[in-house]
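The same subunit A turns up in both complexes below, where it pairs with subunit B and then with subunit C.
Then we have the complex of A and B:
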């Protein structure tokens, strides 16, 4: 600053040099990011402007795929289904995960380590395997539920068109509760022990500690968990893809969820352009919902 | 320094592999050069024909690859064609998929290889399956004449001495089997499209008329309506098990415990039924489909496939040589020995297939029944070129009906037709 004319030159050169080194450091990441993230999105965008015909080949149709999509009742049927699924399944799962995390953190349970691992374990089971497993367990004919029906004289069927979604909810909850529990548990572990000691000195009981210390601590991680869960449930695919081969007439159609619909459009209907448009619109919807949750959730989190 | 040396070595190695790669892939069919054929097949018996073929044709090496079954393979093939690389020299197609590839020009017309003279060696209907607009696009490699597998022990329990020969008897027998109570049914059905189509096929309905890119769909012909009304009656009177879906684990159990009295399906089930229902060994028998008129012998198909040469295949002459070998020539017998059921008249009439008893089917001579069923398949059936899409859409429509019972089969077929018309026209066909 003292002699701007002489000092400026070397300083900016040094800066530039440092900048280039920095660029070199992020280059591997940047390249991969471009290759596996940015390029596919743009390619999908490009594909979505074309219509593939079995006779006549590819034709450029502009935004026709998008206008068609907005009038496609089958698409909106799937979107409505994942929305209602999310509205019920995500709160149930997260409350369950939170209760489990609080229980593990209460220091009043024996065998918490075993519990922690066994509750988390389903997360490591691939969706395909877990669907097959649940399919067998919930089977009315010869499955566990079939035996239960025989024993109790009930006639429960978890795979009718009106109950299949609930069964899928059970599978997803089983698979992901442990994961969310672990996130919450990690946050609770990070709460400084002094706070509990102070609370104890002030004469707070266990319930007040949960309400005043633990739950507020969980608030931020809850927002993250909600966002992850929404993204996850909007993309449900494996369960409805596999179930129809196991159980008859479960009500699962080729457009049961938007992802399944995109898959079927692209691979059985050879309508890749339309499928690409669907995927992009669905991504936009998911981002919008997740973003809305984030803004609302974080604002509230900072208010307190 | 060291780094640079390694880089040099690496690039030299890369160059070498490139040169080697060019050698192996740049060969052509003619001359003494080695040809490497790639065959996509999910039929395990095709590989049995390879040793004999390679011995007779030392210049040709055959690699049989399982690129997935049915739909998975078609997707892979479509992708390879679109990408312009990795296209096999021969690929397997179910008969309904032949028009899908043939009409847009993705398959070669085998007329160039003089296949017309082979026609007489195949069952008529099988030849029709690989013919689109008068041109042959594949050679039949396995066949699925519709037959009835019935559990004799269960029928006996229901007081029936023999299998139903007509649909009337089938209906009466269904009631008697149902009277056994529990889960006893004459058959299961959860909306099996191929079964319904075989019923329509046998009754004389021809709902799809395909002429080039023109497709006419009609479910109102008398043959079609007769078949649909009959099955509707079976459903309405709760004579069918609509809870157990074919190919599921539950299905295996009903086949094993004898609660499923019969199953009308392609003849190929002969090969896998023993594994599906080992406990029912000796109970099952095979018969022709029940008939609409007593004494008739009219059949239909349920499945079957052939092999064609993709238009983008690299070694067409060699490919045809092998195709002819394993579907028509010397490669047939090792395949038949390995369990393939083929529509070649020579095999169907052979003393071996006519006289062999099948232990699983209570020492019944199964061969003559299947041969009879093959020969009696009614002619003139066509599949629309977008059948793969159509059948998944049918699944959407029919599942609702089978669970709620609201509506009717005829109504579903009509709705299906409307969807096919819409989709077909969008895809550039002329559908009405």
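Then we have the complex of A and C:
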């Protein structure tokens, strides 16, 4: 496979103007990209050096926002929560997605197509609607859990301070398992089927085919799925932002996740410089973790 | 590595499936199981079916409860129908409530989605074509920055975007939601790899020899060949903009500019404010159903495209 970068044709190498014609094509994207990605990051970096003071208004305070952030127990509480959430949610979701992809690819299911579409469908549902549905469904007031408690005389509540995070995990897994499953399934479909025939001729059973052919094929896409899932769960916002208006005493605080904290700082506390510092630190943490996973994942991939 | 053939692989599978079921095996002969056509497993089907149930159950709940009156919603079991089938009444009431603001939100969402998805797809095609087929200096740096930006968490970026847009005075206007949606780095990446494979350079050179300008060559020769990838990028932009919550939440204050997702949550807060708010959960649920139905229709009718898009991203990525 030739890399797209090297696939340039020599015909246009003549004139100087021709050489730069690509710039005109890339310019609209490039300029908007500057406006939407690059400039905001630098502007946030600049704003993070200021604090809103009662006397004197917006004053330059150097790195004070950052030192404050590193001593802010509420921030680290949220960071700890998304870390532990990620540690459980990402493996559960991706293992489920892989098992489902292997099941679909086994050709042993009745109604493979129906299953595939059904499991992917939640991806099309906005987080707002998903939170509303699950909030109503699981809530003890109107939902199924209420009916179940009435019927069995139990006192289960999925939205107490100790159970809310699990319920959010159920919602997030619901929304994104199908998307990851589809990626794994696409990778499995690209495996040449002659390999399976050859393995069968060699007397390999299906379990060995999964272990020796299918799982190694999934390795690279698994690393990418882990990275994007981590980025996703670190950003978790909609569910904890919407839930408190649906259920009382869910244990969701204004700093439940770092993004919720940044939102509340910027829009209800009007501490924009501090929120900017938080957003940048959180982006740095996310990229560092994603990068660490990538390095580890690729090193493992080379080992095999 | 086959990347463009992924669409072919999908239709190939469909072909195998139909020929398997239509011709079948003649009745007097026992079916022969092969690697290509193994014995179906009931256990595996049931286990996968449980996952499918987990995925479908909330949507079934949504449909059932959109048919109930507020009184029935509060009193009846979640998966049982109400005393009265009130779906049409609920839909009419959703469009009437608060002077019909729901239709305004629907219109806003359609504008954000159509303009955002079309512009972002066109920009991605233009840029992807330049990366794959044209020369310019700084290409590697550009690629490095764009690919790096895919890993930047969107929400961490939204607050800086808000602060900048507030400085520029464009918050609380549709532009604040539209401009960030114009840039889709992953779409650019898909277009780049797709163009490199699907657009023959010889064809472009022939058009240029015939006197076509660079832009005309792109529009008339390359763009038609990029149609499958364009539909994929369009579809994923469509979904992400339709479902966007955080960006419009921070950018917009005026309810007249809200998209559906923000409006829906405003209604939800109204209904849930215990004591003094009107209980309108039947409207919230019906509005939620109306919000997801267009997306589900788009997904079911354009299956071929999101399948091939995911394949392209997965196999290449």
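The criterion applied here is as follows: the second predicted complex is superposed on the first by the 281 of 304 C-alpha atoms of A that agree within 3 Å, B and C clash if a C-alpha of one lies under 4 Å from a C-alpha of the other, contacts with A are read in each partner's own complex, and residues count from 1 in each chain.
Note that in this section a residue touches a chain if its C-beta (ideal position, glycine included) is under 8 Å from a C-beta of that chain, and two chains touch if they have at least 3 such contacts.
Worth saying up front: this structure is predicted, and the values here are computed from it rather than measured.
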Next item on the list: Using the superposition on chain A described above, determine whether A:161 touches subunit B (first), subunit C (second), both, or neither.
Entry: first
Margin query: Tell me which touches more residues of subunit A here: subunit C or subunit B.
Written below: C
Check: Touch check for A:54: first (subunit B), second (subunit C), both, or neither?
Finding: first
Note to self: Let me test your reading of the model: by the given contact rule, A:75 touches which partner, first (subunit B), second (subunit C), both or neither?
What the structure shows: neither
Notebook entry, point to check: Who does A:136 touch here: subunit B (first), subunit C (second), both, or neither?
Noted result: both
Margin query: Under the stated touch criterion, which partner chain does A:254 make contact with: subunit B (first), subunit C (second), both, or neither?
Written below: first
Note to self: Once chain A of both complexes is superposed, is A:85 in touch with subunit B (first), subunit C (second), both, or neither?
What the structure shows: neither
Next item on the list: Please work out whether A:127 is in contact with subunit B alone, subunit C alone, both, or neither, and reply first, second, both or neither.
Entry: second
Notebook entry, point to check: In the superposed arrangement, which partner chain does A:246 touch: subunit B (first), subunit C (second), both, or neither?
Noted result: both
Check: Of the two partner chains, subunit B (first) and subunit C (second), which one does A:264 touch, if any: first, second, both, or neither?
Finding: first
Margin query: Shared contact residues on subunit A, subunit B side and subunit C side combined as an intersection?
Written below: 136, 142, 245-246, 248, 267
Check: Which part of subunit B faces subunit A closely enough to touch in the complex?
Finding: 71, 75, 78, 100, 103-104, 190-191, 213, 242-245, 247-250, 253, 385-386, 388-389, 392-393, 395-396, 399-400, 402-404, 423, 426-429
Checklist line | Sites on subunit A touched by subunit C in the complex | finding: 1-2, 4-5, 7-9, 11-13, 18-26, 28-30, 32-33, 35-41, 43-44, 47, 96, 100, 103-104, 106-115, 117-130, 132-134, 136-137, 142-144, 147, 174, 177-179, 182-184, 186-187, 189-190, 193, 196-197, 200, 206, 221, 224, 227, 231, 234-235, 237-238, 242, 245-246, 248, 259, 262-263, 266-267, 272, 275-276, 279-280, 282-283, 286-287, 290-291
Notebook entry, point to check: For the complex, which residues does subunit C have touching subunit A?
Noted result: 1-2, 6, 9-10, 13, 17, 35-42, 44-45, 47-49, 51-52, 54-59, 61-62, 65, 73-74, 77-79, 123-124, 126-127, 129-137, 139-140, 142-143, 145-146, 149, 151-157, 159-164, 167, 179-180, 182-183, 185, 188, 192-193, 195-196, 201, 204-205, 208, 214, 218, 239, 242-243, 245-246, 250, 260-261, 264-265, 268-269, 272-274, 281, 284-285, 288, 291-292, 295-296, 298-300, 303, 306-307, 310-311, 313-315, 317
Item checked: Footprint of subunit B on subunit A - complex, ascending -> 51, 53-56, 136, 139-142, 160-161, 244-255, 264, 267-270
